[in-house]
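Here come two complexes built around subunit A, the first alongside subunit B, the second alongside subunit C.
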Partner chain A sequence: MATFIIRRLIAAILILLAATFLVYNMVALSGDPLEDLRGSQAPNVQQLIEARIRLLHLDVPPPLRYFIWLSGIGGCFIGQCDFGFTIQQQPVVVLLEAAMGQTIQLVTISNVVAIILGIVIGITTALRQYSAYDYGITFVSFLFFSLPIFWVAVLLKEFGAIGLNDFLQDGGTVSPVFIVVFTVITGLIWASLIGGDLKRKAATFAISGVATAGVLVYMSSTGWFLDPRFRIGGADLSIVIVGAFMIAAAVGVTAILSGFKRKRPLIIGLAVALLGIVLYVPLQYTLLNPSAFVMSIPFLLLLAVVTVLVGVGIGWLFGGEQRSQAMKIGGWVAFLSGFVIIVDRIQQVWMPYSESGRIRGRPIATIGATTPNLDGSFWVLSLDTLTHLLLPSIALLLISFAGFTRYTRASLLEVLNQDYIRTARAKGLTERTVVVRHAFRNALIPIATIIAFDIAGLIGGAVITERVFGWNGMGTLFQTGLDRTDPNPVMAFFIVTGALALLFNLIADLAYAALDPRIRVS
Partner chain B sequence: MTLQTQPNEPHATDAESNLELKEVEGLSQGQIVRKRFFRHFGAVAAMVVLALIIVLAFTSVGISLWGIRIPGWWQYSWNDIPPVVDGGRPSAQHPFGQDTVGHDIFAVVMRGTQQSLMIMVIVGIIGATIGIVLGSLSGFFRGWVDSLIMRFTDVIITIPFIIAGAVIGATFGNLGAAILGLVLGLFSWTGLARLVRGEFLTLREREFVDAARVAGASNGRIIFKHILPNAIGVIIVNTTLLMAGAILAETALSYLGYGVRAPDTSLGLVISDNQTAFQTRPWLFWWPGLFIIIIALCINFIGDGLRDAFDPRQKRMPSERAMRRRAKVAADAAVLRGHESDDPAHASVAESVVDETPAEAGGDDGEPPIVRGDDPATGR
Partner chain C sequence: MRINRFAVGGAALAVGALALSACTPTPGGSGEEIVEGSSITVAWNQPFYSANGNTSFGNATANNNINYMTYGGFNFYDSTPELQQDESFGTYELLSDDPLQVQYTINEGVQWSDGVAVDSADMLLNWAALSGFYNTEDFDAAEFQDPETGEFTTEFPENTVFFDSGASPTEGLGLVQEVPEVNEDGRGVQLNYSSFYVDWELAFQAGLPAHVIGQQALGIEDPQEAKDAVVTAIQDGDTEALSAISAFWNNGFNFTEMPEDESILVSSGPYQITDFVLNDYITLSANENYVGDHQPQVEQVTVRFITDPLAAVQALQNGDVDVIAPQATADVRQQLDSLDGITVQYGDDATYEHVDLQFDQSRNPGVFSTLEARQSFLHTIPRQEIVDTLIVPLNPEATTRDSAVFLPGAEGYDDSVAASGVDAYAEVDIEQAIALREQAGLAEGTEVCLLFASTNPRRVQEFQLMQQSAALAGWNLTDCSSPEWGGLLGTPGAYDASLFGWQSTSLGVAAAGPNFSTDGINNMSFYSNPEMDEVITQLNGEADPAEQLRLQQEIDRILIEDAFGITIFQFPAVSAWSDRITGLDPSPLAPTIFWNIWDWEPTETNVTES
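Right after this comes the complex of A and B.
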């Protein structure tokens, strides 16, 4: 295993070297870096030109200049990164540090959401092949697949943001027409998804429709969109909703991973959820309280890991004969419960945030990655980042989500037609076991590769999205560099994205080995 | 369940593959593919729409290539500047409206469509050619040729298309759409090369290739006559997808300012120029976007139809009802024949089919039922 990883890393570094050499020369030869000075009327233009030549080593031909640049990058291994200077004489490292966080945030969030959504929807369409739902999703994913990302982004910015903000400013009440249309559409989707004969479909449609309409009417009448809390008589009883979500998570995870035939996994899932509910109130006064504890992203990640470990541990301790299933269920339920608590915490700052003087009731941002000079706790700042991320992420994920849906559907259908699935069914295994244990794992193998390849496309999309939404991210670094024939910032962009792409490829290879026992990495 | 296999017959075939075999009996590979393709409604509709768009785009504003200018039937050209009518809103005179200067947006969009189509075709041809050549060399010869070509492919694949495209566009963008397409094609072959290599690696181990080699065929003959025709499905399907990607890439590059430049025009450029006017002149934004989507959607649907036609693995299975109906018809026919027949043993076999078919056909979970040997006609 270790030798495999090391061999792949060495290969990756060699490939990256060759690719950077190619791109460096292409950028350096794409124009004249002194163009703006040649037309300049400044009296000291000769000195300026000489200064720039000296700073950027323009007297060295590009293929050799690449090695000067490379030696600066090589400094990263001894802790002194030198990405060179831009034409404006700013060190690229500083610019890169500022830009990298935003872009990686954008790409990661949209990729993760797209993968989850794409796989879930892909599986459901494959299981309901040739239903109205399947045809609908197929058409929609083809449509998304064919959308130019800049067009979607402009549309979201001009349509989505303004529409949403107007909606929030007008009191956040949903019009009856919208409620009816939305209810009918969700009802139809559920009916087609659950399937069965006409009577069952009608029942599903009625139940889901009533539930959707009820929730919407409640949200609209109590101003939930302005203040997403559950209150009865002034008291904040959001713990009821949080608890309901946790129990639903426990039941749902158990239904998928082990079924209800045996009691123990379900009990463990519910126990973990209960632990979450019990911890909810104490957490509000300790870790989640900004005046008692200063939260940060790394600590939040650490907390997530600890939460999952606790869930897995409960499964391990009390799992009995179904220990492995119980551990999985415990881990997932713990993770989802923690997630619900964090979402709830962010919802608590929604109203103060949107009513604050800098936001003025129009919280959906269209420009930049954060509100400049916004002061507040970790949660307020997180919410601010999220409102800025919302529209660019939607633009990005719509397109990659379409691809994942198609690939998952195709791959699962192919697996479901295999002989071993027929054997599994013939053995009398339940449909859940056949799909989750026998089909899904095998269907994941080709998807792992697609996800790795998609990351490069996503970075390209990020460049465009950033431009539409006026972010000062890596895309800007790349574009301004290219416009001025300035290889250093362009290369900084490329080396990060290229390294990211190679890293994901390596992860895909390892995932391959983990999923497919026939493949041995050594 | 009694298997209806006769001892001297090959194994009982699934109902689906039986239907499948009947449909393709006596047809050549090309005819089968064509037949399957034309059964795909979406693909056929997409092909008609695409043909209409091509005709519309090239006849309306005419052709301008390498200094040759053939005018079309539309009264304005994309660089004419007629006076602005009614604030540029869409009217009978200017169906897609006008921009602030007065350009007729219909003419501009048609010209942009031409450019996009042209770049798409050029990228498709160049990308497919390089991909096929490198992929087949690599997969056929293996060894050091393979390593060399695949490492080169890895290098190119590491460069995101948007970076390659932008750098190329910054250098060659002012030379016109054809050159841009040509250079973009040089960076778009990597996926296809890998797929073709994979196909070659499996196909070259097949018996028919051994047979050809034993018969004394040269490498060139084996590649072109024996392996490539068998890989054509993968190649065609992925070339269409490549072309759909190319049209989105071209518009995106033009949007960023690295693609087609003024005074010529492109769909991405129109959107980029006018996005700030979205609130006041939305038609400047809707029409070019709509045309990009329609073209890309058509190509994607055609690609899907081709995939279904070449690769029946994901092909639609006959619906449950159709299978049941067919099974019933076959069973009825068998009963009739069974009664006419003098052989009582055979008649009883046929009757057992009648008893079993409905039970077997009623699959659960909406899964297509697997009905074994429901067609005794072939078992005779």
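Right after this comes the complex of A and C.
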């Protein structure tokens, strides 16, 4: 294992060396670095040119000049990175840090959402192969797959930002027509998804339709879109909704991971959810209260880890015979409950945020990564980041989502048709056990590699998205550098994306081995 | 029944929690989590990068707009455009016009945002910088110019003074070749010009904070001492001190994000820079120590950098920005016309589009070295077609601009157009273009590479129209465009012809000089004609307005005679703003929308909370 990783890392470094060599030369040869000299302001052009040749070592041919750059990068190993300077005389390192922060934020969120959505929808389409739902998703994912991202971005701004903001400014009331159409579509999707005979489908359609319409009417009539809280007589009773979501999470996670045959896992799931409900109010006054505690991203992550550990711990303590299942269920329910609490906390600042003088009832932004000069608590700033991330993330995720859905579907279908699945069914295992324990894990193997490849590709894809949405990420760094025949920022972009691509490749291989017992890395 | 006990306990807890949450409102529900004030966001297409707009590095609209709001001045252009004096800042008086003597006095009580008085020390420093009086002779600054950026390094040899202000001994403050006298009260200086300078009224302002430069360059802590040291250095001609001062003057005010040492942000105008995020936005807040008449009404003005005009319109539509002044295109107009609650104003801009030909140092060597070649190429430029297809949709009354010197409609324009011979280029003349090209001895298919902004859609369209027309006359017009076209201007060997706009920053009659005189700062074409140089020198010394007009018309005539290039149209301008702001009155001259920033008034919809 260790030798495998070391071997792969050495190979990765060699590949990176060769690739940087190629890219450096291509950038250096893509234009004339002397082109931007301003003759009019330089009385002595010849000396200017000479000065530049000295500074940039232009008398050294690019293949050799590469090694001068490389020695600067080589300094990273002794803690003295030298990425050089850009045309505006700024150290590339500073730009790189700022750019990486923005791009990674963008790519991470869109990727995580795309993976979760893609896999979930992929699985459901595979399980309901050739249903109307399956055909619908196939159509939609091919549609997304073939959309040009710059066009999607402009459309998203028009409808996702301007349209949505107009809707919010007009009072956030949904028109009856929309409710009817939305209800029918949701009903059809659920009916097709749950399946069964006509009678069952009709029942599903009716139940889900009524539920959807009810929720929509409630949201529309109480101004939920302007203030996403659940209030009765002025009192904020959102804890009811939060609690319902936690209990639903407990039931859902149990249904997937262990089924309801044995009671103990369900009880543990519900217990963790109850713990979440109990902690909800105290948390509002302590950790989640900006005047009592200054929250930060690292601490939030730490909190997430602690939460999961608590859930796992509860499962371990009270799991009994189903300890391993109970631990999983406890961990997942704890995580989801924590997530619901955080979402609820951000919802609390939605109204003050969107009514603030800087936002003025139009919370979804079309440009930039933050609202200039917005000052507020961690939660307000998080919400601000989210409203800026929303559209570019959707633009990015629409495209990768399409891929994930198709791959997951194909991969799961292939596994489901294999003999061992038939054997598993034949020996009387429940469908849940067959799908979750036997089919799903194996279906994930090819997905793991695709996800890894996709991450490197997404950073490249973010070049266009960043431009349309006015983000100053890696794409901007790359583009401005290339425009000016300025290799230093381009190489900074390349070394980061290249290293990431290789790293994710390695991770994919390790994940492959971890997921597939037939494969052993050595 | 364990499950029941569980359920009951759980239910009890849930009810308890519910009751608890119902009794007490959730903390952080309103107000307290947000800190804010009244604000306006303006979209501009280029990031700010220097608070010193007088260096050749920092002289750009993106900088001057901001600097206009942060530095007070003796005069400014209104939207007429007409020169207005700001007597709440200071006054100036013409003592004599032969020899030319001007007295500048800053009002008592005018101060920098850090409380230090704006006075003669600042003006003295500004004179030293703009006149280039102390610049070390025969010093080749180019050696110390960062070739990547055009900025000067701070590592001048010892005792070398170099203010990078593009000072020329024949114009502007370059003509004030004696140390100005300082008034006893320390608030005034008297400038004695060695010869008449026609635009003397536009030549001088109060400049940068002398005390900050003294503190930074000379390492003196006390602002008054630093100021005195600068004055002494200038009055005594102390090259050692002036060397450090000039180096800091050249470099110290260049920054692309909030500087660590905020002392260089001191302001004497209605606003001061309070936040600056790399490539994203710059925020100006009302200057509390501002005492003049131009008291701002909007607490914070944020300028966001949005390169793409359509993204700017969408941002306006969405309320991300409140004021935009994008480059007017048909798409922008179409999109703006469909918006509600937005005030849109169309008009002329001070910029005119023109094609310049490289007399020398062209990419295809010698292609435009002959008059015939230049005339031939100019005959192919479809000026009327460009105006009709690209400008009329934006400004229905748009015509070609036919003078390189006069603004259309300005006094002298019609006479100049009639006399200069520009009518020869009114229509495309392919036959003559072919004949002239052959006379110049250039084969069919001769390449002309055109430099223009690749990011500017209109110039791309103009290029395509020009390309088609040029092809008919056997010219092969190729694409030398770049997003960084500005930096490429005047670069030897980079292009053969350039398509860009000159922006008039004033109505001064001397403005034409730098464009057309030999080695003039804006003469990117390596154009040199002794007759032109003489006319320009004459114009710069001419006090009689009628004679000024005659000389300006002479410049127009010589330019056409030499086939220097051709003007095409006056830029249509469009600006649009939301209902959150009133009082905008865009001016054709820079700083366009910003000129009356103090009149901008937040409307009721501009919610101010505290």
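Assume the second predicted complex is superposed on the first by the 503 of 522 C-alpha atoms of A that agree within 3 Å, B and C clash if a C-alpha of one lies under 4 Å from a C-alpha of the other, contacts with A are read in each partner's own complex, and residues count from 1 in each chain.
Note that in this section a contact is a pair of C-beta atoms (placed from the backbone, for glycine too) under 8 Å apart; a residue touches a chain by one contact, two chains touch by 3 or more.
Predicted, not measured: the structure shown is a model, and the values here were computed from it.
Student: First (subunit B), second (subunit C), both or neither: which does A:S30 touch?
Tutor: first
Student: Check whether A:V380 is in contact with subunit B, with subunit C, with both or with neither, and answer first, second, both or neither.
Tutor: Touch partner of A:V380: subunit C, not subunit B.
Student: So in the superposed three-chain picture, is A:D483 touching just subunit B, just subunit C, both, or none of them (first/second/both/neither)?
Tutor: Both: A:D483 reaches subunit B and subunit C.
Student: Using the touch definition from the top, say if A:P372 reaches subunit B (first), subunit C (second), both or neither.
Tutor: So A:P372 only meets subunit C here.
Student: Who does A:I116 touch here: subunit B (first), subunit C (second), both, or neither?
Tutor: neither
Student: Touching A:V463 in the superposition: subunit B (first), subunit C (second), both, neither?
Tutor: The first partner, subunit B, only.
Student: Spot which of subunit B and subunit C makes contact with more residues of subunit A, would you?
Tutor: So, of the two partners, C touches more residues of subunit A.
Student: Of the two partner chains, subunit B (first) and subunit C (second), which one does A:E158 touch, if any: first, second, both, or neither?
Tutor: The answer is both, since A:E158 touches subunit B and subunit C.
Student: Could you look at A:I277 and tell me whether it touches subunit B, subunit C, both or neither (first, second, both, neither)?
Tutor: The second partner, subunit C, only.
Student: For subunit A, which residues belong to both interfaces, subunit B and subunit C?
Tutor: Shared contact residues on subunit A (touching subunit B in one complex, subunit C in the other): 154, 158, 467-468, 483.
Student: Using the touch rule from the top, collect the residues of subunit A that touch subunit B in their complex.
Tutor: Subunit A residues touching subunit B: 15-16, 18-19, 22-23, 26-27, 29-31, 128-131, 142-143, 145-151, 154-155, 158, 195, 410, 413-414, 417, 422, 431, 453, 456-457, 459-461, 463-464, 467-468, 478-479, 482-483, 485, 490, 493-494, 497-498, 501-502.
Student: Show me the residue ranges of subunit A that touch subunit C in the complex, using the header's touch definition.
Tutor: Within the complex, subunit A contacts subunit C at residues 32, 34-45, 47-49, 51-52, 55-56, 85-90, 95, 98, 154, 157-158, 161-162, 165, 235-240, 243, 263, 267, 270-271, 274, 277-278, 280-281, 284-285, 288-291, 348-349, 351-353, 356-358, 360, 362, 364-370, 372-377, 379-380, 467-468, 470, 472, 476, 483-484, 486.
Student: Show me the residue ranges of subunit C that touch subunit A in the complex, using the header's touch definition.
Tutor: Contact set of subunit C toward subunit A: 2-3, 6, 10, 13-14, 16-18, 20-22, 25-39, 41, 49, 56, 140, 142-143, 145-151, 166, 256, 275, 277-281, 283, 300, 302, 304, 306-308, 310-311, 314-315, 317-320, 361, 482-484, 487-492, 494, 519-524, 526, 580, 605-609.
Student: Taking the complex as given, what residues does subunit B use to touch subunit A?
Tutor: Listed in rising order, the residues are 151, 154-164, 166-168, 170-171, 191, 244, 248, 251-252, 255-256, 258, 268, 271-272, 275, 278-279, 285, 289, 292-293, 296-297, 299-301, 304, 313-314, 316, 319, 365-366, 370.
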